């Protein structure tokens, strides 16, 4: 019992579901459709949880030949065997319309792994009354994922309003001094609101997986 | 009822305890002892929770005149009215001996706000059997705070071993290409272990506050 | 009539007062007390407006031998012949207590050149009700100078609340990912609030001079 | 009365016109033509001021179905209901021919919101007599927007010549060490000419909006 | 005897084989097929060792007219006269599937110059039992080339397990904070495992050539 | 007599020939063929020296309608009225074959303005005997332009061999840590060979213009 | 048998000697003299090889109370039980006099672990005949450690002359554009000489440890 | 005849005077007074030209025991045997008073090696009439060294006014976005004035040595 399957082009971590409550999520870029097919087949055979492939373009998705999968084009996500609702409430809030693709990935991954998601769009701080109006919705969540580009100030504002965990996702929205998301990333890391945590630029996936870890401890 | 007190040199957020379950934590740098004295006095009077001042040098600490405070020199932390144990278990793991001051801040803040802390020191990946030996200790925690400088690889290794939330704290330990902690920060943000979250360089405080948010949702 | 005086160590721009409504402001660093004395004497003799020297340390200030000067230690500013009130209202708002030295420079320079200043301290977005409480005060100003370090989110929040010009001053307050003010600078430049303008890190002086230009056009 | 309209894909800030004298300007990138159509329709219905959409490519522009709009291809700007002349004079000066698209955005936005614009092209400091020849034209303006790439020295030169507000717009013109506009940005922020303010790289829009704020205070 | 041949467009270093035990390896980018043809022909005529051209796209490769060459499309490598087995064992280990093209270049170059290669794929630290399972395979090698992107932690883990030389190759796999391989590069340079060495981002070629130097000294 | 012609889209500096011995050189990018046509026509009419347009793509070049021009596709240069030989000898040396396009621009511009050029290709320091073999050729030049990418070490080596001015041109040749020429730029600026000067990345044009200035003083 | 000793403040890797042929080397910074004393005592008791502590300042060194140790002030190295000569020849070459402290660390560590060292100082490429004069000395070595700051060109030059492994150590020698060693680091990573490897800035220690790994494989 | 003297701690390039018309200039930092003494003695004995040591602090300078030397404290320069006037006119122009120490080094080195220097101080572009007033003085020079910090715009302005070589020296004058001279460096490299060349930040020495190379070719 090695805990993995060596497919030659990949070493599938079949032990991860018992170790972390979720099968290995497959990172799509750089893998050919046949390789994705092989890995997904193996994961479905060796476990019982949801199987996901992230960042898959439509032309690749349609060439992955495993029955029962669903493809979400905005989130660029392939899902087999989505999990049942685990009752953990995650609110995904975006600063602007352009942040939606990243938020969509966070939402789709979180849903697929059994989290109860709610989306609140376009509440950036330039019109702060929009944020104030949804304050109570935010407070009902068990965790808030804030998705924002440019200066990322929404994360600080939300962080000051709620007491639950806040996972900040910087996006590459913007131009010039936004430095493809680096500015939002740095701003979120230095937020004056205490206890925010941050994930990689444009990584809706990482935020959803952080929420998965939260849900795990909340159930204990 | 404005929810704050204007002391002239500071606008104390007296509403924060009801909003986030903890009084405002005072950031020490740039404040004179008299100012710290005034703010702490106000926070003690207007709330019931623990009052903390971070990053205080010894010579400032001894000039803060408010009875009942304790000073932790390694953590550079002043504490009044520490909270009772809330039962939430936080493990603070460090990669090397030089990371200790940052870990000490995380540990001291977490303890002061009522989290149950455990410290595991010096389990960097260069001798990975040391990490394997404490694997079960890590798995008993409700959250793990990983404190590491240089290349910060410990965060990825821990992230792959446990299923609970992992809060990674990059430190400025190292020289040259470690870029005063920026390398560890970037490495932790791009970890291959899914669902890690990251806080600012050397910010043991932020990690403890993130754990506070986790504890809040875990109790729900 | 060349429009300047060549003192050997400096070429004093004696034409600036007629060109820009204010004598040349002297940048202190790198100048010896005797040089400052010489330049100030020349500026007082050749014009009628206020004469200022910025970023002067106390030990230098006391060695500048020109009668009638005032020294502000927090702002590190030397002033002769301060201007009368020009009626233009400038509000200087800070995010945190640590931003005060930069705000003090902005306030002192603005006052010395005849602007009517008001200071609002410690209204960072982590407790946004503090900002909401001073909303009307901000709206009464002809211009707002926002002084903030860390992630600088206060600039965006103020930018969305007022219609007058907002001059954002990033400060080097913070550590780690705040990169000595670069993060706040980038964040302010990419603010989602339209029409903010930004000056150099820690430059209270530049913000006050930008306000001087505003006052000039407001009087037209 | 919430002050906004929730269209699902966007939360339109219908309160902004009363708060800042201008309806929300729509940022085009990342929005589909139908979404732009919906937002513009809402803004036209809920306010009386000019409605603008920035950074719109021609193929998107022609698919936005709202009567009465004008499209400026160089400025990539859509405008409905342009404002009447408010009498505030803005001069847009460029360093070189390649800076024109950014200057065109500044000019078109400023005109659409009622500012009186004048353009002076190609007065970079390599042939400084060209700048000297237009000195008086610059001095007649209530504000000057300087648009320059490469080393951005035109901003300093103009700043020394005029007494009115100068808004510097760095452009991404150039190659190699111009770092896609970052060099011009940094140079403008550290200008030896006092009181310049700076906006994001290539953001003619931000400069025009800063001029809008200036016009607001000039009218008081 | 100048030790080189001047072809006009190139000065072929015909002395290198005697100096370093291997003919000059041709860097493909920026060279036209006719130029590659000319250089390869010269190298084949003037020496006896293997002749390689790196980073050649398929459409260029098929236009290089020199008999006896082999083209490896994944490695983008052209090879003539591959060397016989020199007995030096090089293990190429990758962190993830996406790192394969860089590892393929390392493997193909190493094989072509006579090193005995073995590939171990997909042993990233997120599932560290996969690495532990191949520990003995790694220890059998005379040198290990570790190919990893993102945070590059595999290099540290391998460095702690084996006693032989470890050559770390950072890859541009990843997005956002991975900064196109810079993060992996910095992380590998600051590894807590002593005695690792590092080559340029994505340079499987450099790693193989470093192994060539190792093999040279091992034979002494 | 203003010294310039205002064409609306450009302000042609017709005074430059008398001021600097050469008409303004036109920077091609961002200019339409009609604009280039207009500017070139004006420059030909108002002066007597060579007229050049740099960085012109073939499809633009063929749409510029001014008789008597020559187009060099490798150098991407348009030239009218090239200057006669001024006797000043410039040697253009490249480190590798990939640096040729930049060197070609330097060579073509230098020739067009009357400098006597000689090209020495592919003498990078990895085979330093190639450089030693051309040492005397380098020493015959009045100035050496060194064109090199990657680590740019050729500039230091040449700088130590010759006594004449050395103008170093970093190129964007390379990948990964070469950072699109920034590494070569920084390396050349910090060369241990005294008195090197450096121009912008990939700017063969700047190097040739620097040589023009040298030729001017050499003739005095 | 855990393979480590938990001293509370440190977890000493007592297994490393059997795993890598050398006891763990202690990194001095951040450790108190008592801690160093404890760790060294443990390492001496549990193994038989040389025990080293790096980067120790004199005032710390004299407070470490373990008999039999030697302190090298230039190298800032403490050594107990130095190894016997293993016959592996390492040449340490420096570009300039200012690089000596880093080279001294490389030399002292290498000697202490049994390598046969030779030092060649001050052979920077600005006077390349100095390097040519020692060419044969370099070729006698089994490995060359090149220590250079500024533009680090010596590494490329040496790399082209010898066939053995070359370990390049960038130093922080220089100012301005040398960026505290980052320029030398980047230059060495992009060297045109094939098969160089690079370690962290100023890390003579890492270079010596890389040589240790080379010696291990050379003996096989 | 090796062309150098090996002093153990340094390998003095005694051939440089014949190769480049000037003995090796000694870089002071990192050398002990005894070492400087030894090197200077050797250089004086083996050549006839001026011997210089740069960047020497006063306390080191007074411990260098070689008769006949002069020490310039502002320039931090030690000189023996200064050269006679070679007739080549170098003008050193500074933007502000704070740039003086760097300009002083350029001036002192240039004088010591026989160039005819003239200094023009404090002609920054914020008061451009000051620059216009010295235009003819600048035009009389054979080369102009422009010394400027902050945004470095003086280099572009001078570059447009004169036809001779312009050597731009960025200084670390300024704060915040001036990034310790990097901003001025980048700005000078991307100047819109054609044919400027640039040397390292704060390197008055490099500028003087570049002028030495110019003088060499001017005499031919």
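The letters A, B, C, D, E, F, G and H name the chains in turn, as written, and every chain counts its residues from 1.
As a working rule, a contact is a pair of C-beta atoms (placed from the backbone, for glycine too) under 8 Å apart; a residue touches a chain by one contact, two chains touch by 3 or more.
None of these values were measured; they are calculated from a predicted model.
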{"item": "Matching chain pair for A-D (criterion: over half of the contact pairs shared, by residue number), options E-G, G-H or A-B", "value": "G-H"}
{"item": "Euclidean distance of C-alpha centroids - subunit E vs subunit F, Å", "value": "36"}
{"item": "Whole-Å gap between the CA centroids of subunit A and subunit F", "value": "50"}
{"item": "Distance from the mean Cα position of subunit E to that of subunit B, given in whole angstrom", "value": "43"}
{"item": "Intercentroid distance (Cα basis), subunit G paired with subunit D, Å", "value": "56"}
{"item": "Subunit A: positions in contact with at least two other chains", "value": "96, 126-127, 160-161, 176-178, 182, 185, 189-190, 194, 200"}
{"item": "Each pair of chains that touches, named by its two labels", "value": "A-B, A-C, A-D, A-E, B-C, B-E, B-G, C-D, C-H, D-F, D-H, E-F, E-G, F-G, F-H, G-H"}
{"item": "Interfacial residue positions of subunit G with respect to subunit E in the complex", "value": "19-21, 25, 142-143, 160-167, 185, 189-190, 194-200, 205-206, 209-214, 216-218, 220"}
{"item": "Complex contact set, residues of subunit D against subunit A", "value": "2-4, 8-11, 13, 15-16, 24, 27, 29-31, 35, 170, 172, 180-182, 185, 200-203"}
{"item": "Touching residues (chain side subunit E, partner subunit B) in the complex", "value": "95-96, 124-128, 150-153, 156-157, 159-161, 174, 176-179, 182-184, 186-194"}
{"item": "Subunit E residues touching subunit A - in the complex, by the definition given at the top", "value": "96-98, 100-101, 121-123, 126-127, 129-130, 133, 173, 175-178"}
